[in-house]
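Which chain is which? They are A, B, C and D, in the order written, and residues in each are numbered from 1.
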Amino acid sequence: MPALLGTSRLEAFSDGVLAIIITIMVLELRAPHDTTLAALRPLIPVFASYILSFVYIGIYWNNHHHMLHVTPRIEGGVLWANLHLLFWLSLVPFVTAWMGENHFAAAPSATYGVVLLMSGVAYLILQRRLIAIQGDDSLLARAVGRDLKGKASAILYLIAIPAAFVNQWISGALYVSVALMWLVPDRRIERVLAERGD
Amino acid sequence: MPALLGTSRLEAFSDGVLAIIITIMVLELRAPHDTTLAALRPLIPVFASYILSFVYIGIYWNNHHHMLHVTPRIEGGVLWANLHLLFWLSLVPFVTAWMGENHFAAAPSATYGVVLLMSGVAYLILQRRLIAIQGDDSLLARAVGRDLKGKASAILYLIAIPAAFVNQWISGALYVSVALMWLVPDRRIERVLAERGD
Amino acid sequence: MPALLGTSRLEAFSDGVLAIIITIMVLELRAPHDTTLAALRPLIPVFASYILSFVYIGIYWNNHHHMLHVTPRIEGGVLWANLHLLFWLSLVPFVTAWMGENHFAAAPSATYGVVLLMSGVAYLILQRRLIAIQGDDSLLARAVGRDLKGKASAILYLIAIPAAFVNQWISGALYVSVALMWLVPDRRIERVLAERGD
Amino acid sequence: MPALLGTSRLEAFSDGVLAIIITIMVLELRAPHDTTLAALRPLIPVFASYILSFVYIGIYWNNHHHMLHVTPRIEGGVLWANLHLLFWLSLVPFVTAWMGENHFAAAPSATYGVVLLMSGVAYLILQRRLIAIQGDDSLLARAVGRDLKGKASAILYLIAIPAAFVNQWISGALYVSVALMWLVPDRRIERVLAERGD
């Protein structure tokens, strides 16, 4: 059995990467040369996709925060499961720009879904790994439970990706729906903490 | 009642985002191709708007620091109130560039004010949320008091936004005035801490 | 003998730099103007070199994390040995872009190897320095042992650099091999920790 | 007397800003379109100015680290003295790019010196402020002493700035000399710590 590490540096590094991801996306919002308010109109889809991705990265940070909060110690493999998650999330600015600059065209919208799906899968792998270390009766295991929300998200992404080629507003609506579903911070963990009387 | 989280990771993530916001603004200061000192002259408005925004982000960091310093524990909703604040602040580099590159033209100057106003509102929401958790007799509640400074700032922004379309030097002067008003670190919190004998 | 410092701020600064390095590389993945999936094809080599460099920076972060985890205290010289490592790693985005955008051409591929080699050497210097402070019977010294992996990596880079001018797929294969060799987190440190019963 | 704050968040924010400054400078090293080693030649002055600025930011981080290490508590004014220092340092990437891309031409080289001078002055102000809080017999006060190194640096910058218009190699040599003078980590603080038996 490998020795265990604390979580503080994993959290610090993840915070750094997520802070950069969430902030560099705004660089795609390029200041127009024109100085009328009308010059902002072409930026609306770029802005809309920025908001969507900001919320998604916010959700990941939020849930990551809650998940690590109930994780006392980790081991080496977790570092890679976490880097795997950060890898997929690091592609979010790219697909956000491609989708936003092309008014939510089919292929960019589908690719956006692929990156969301892979990020979701990576999060799940990380979660499983953390539960495996802590055991099935751990706080985290009980908080996650059968993880219906995680599974539902994956299914919705899987519908949204091909749907983008039919009508991109379907996929767009699905991405927004999943975000809304998660916007509520992961009360499961807070509830379990409250029960424990923490 | 939801379980409570510590503030350290919220602070770390906010520090990361604010550090990036304050630093990427300087990327708008593009090195001129010419090598005379005169080549710096066209950069003066860009530089002026950079200084203004640097001071504003500094003020937010400073007050955020003081506010969280007297906040022992938070809950999930605070994470989103904080992300909401970071969202509006993340738009500062965009409006700074638009305003600076266009010599403080009317629409960009007004838009700058809108982002400042929304950031101020977001800060207020976060503050209210934190006070709601800690109670009306908490250190934070007493330090904030009736928050005259916060309310005055909002009113000045509301004046500055339409004023930009009359004469942008009025709005500019108002933005500078609000910044000067806040430049003094939030002594209210330090005073209350001193009274408590901390 | 110089006085000793804690490691927390060294770790925080390194985490910041590594988080930025790993994330700004993605800026090279520029959103195509075309909106077909075929528009992603020219990005494949850029994407491949991004993955390779992401894994390398991940490896460095991972091993740095493990190494500092068993380092209780440092002194001033270590700060510079660490900055020296960060300097070489900061060149990774540059060589990644040059190699990826030019389909792994000879000179860029060789230059990529030079930066990997110098980063490896810088890591070794840092490791030696840390062992010198802690002594030969320290946890770190025992975990590192004769550092066969470190030496093997250096030799493989030294082969890969000239090999790039013969056939760049040889150098590419060598870079991937070294990465795979290190992908396993540094169990040596975890093993020694486990023996100690930490 | 204002209440006192801890230094951890000041350090975290400064680490973030310095990490970003040191890393975004590398973005000026743009991957050439050509794939020969000769294509790297025009980048040599850009690279040289990158190394110089990397070392300078490293020196500031290093000394900042040592200075805050012996500073138990701060107050609100220090936050602004620190932001003032970060402001001048945030201009380093701009002057580095201007100087490097123009082969150390006169005006860019002089402007580089102005930014170094102002950063030095800002550091001095921060130092004075910290000593004022802690008293003249504090560890920091004794470590800094008469601060001959700080004063000598300022004088050398003041010579280098006009000298750039005579011959930019004089100013360049002076910038390198000051860097070398500081490259040795600030042993003064470590020595005083050692005497105290920390």
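Observations on the structure shown:
Here, a residue touches a chain if its C-beta (ideal position, glycine included) is under 8 Å from a C-beta of that chain, and two chains touch if they have at least 3 such contacts.
Computed from a prediction, not measured in an experiment: that's the story for all the values here.
Under half of the residue numbers found at the chain A and chain B interface occur in both copies, marking it as a different-residue contact. Across the assembly, the mean Cα position most removed from that of chain A is the one of D. The distance from the centre of chain A to the centre of chain D, with each centre set as the mean of the Cα atoms, comes to 37 Å. For the pair chain C and chain D, the distance between C-alpha centroids works out to 26 Å.
Residue numbers of chain B whose C-beta contacts span two or more other chains: 12, 16, 19-20, 24, 27.
Across the complex, chain A is touched by residues 11-12, 15-16, 18-20, 22-24, 26-27, 29-33, 35-37, 39-40, 51, 54, 58, 61-62, 65-66, 69, 183, 185-187, 189-194, 198 of chain C.
Contact residues on chain C toward chain D in their complex (touch as defined above): 1-5, 9-10, 12-13, 16-17, 19-21, 24, 27, 75-77, 79-80, 83, 86-87, 90-91, 93-94, 97-98, 101-102, 105-108, 110-111.
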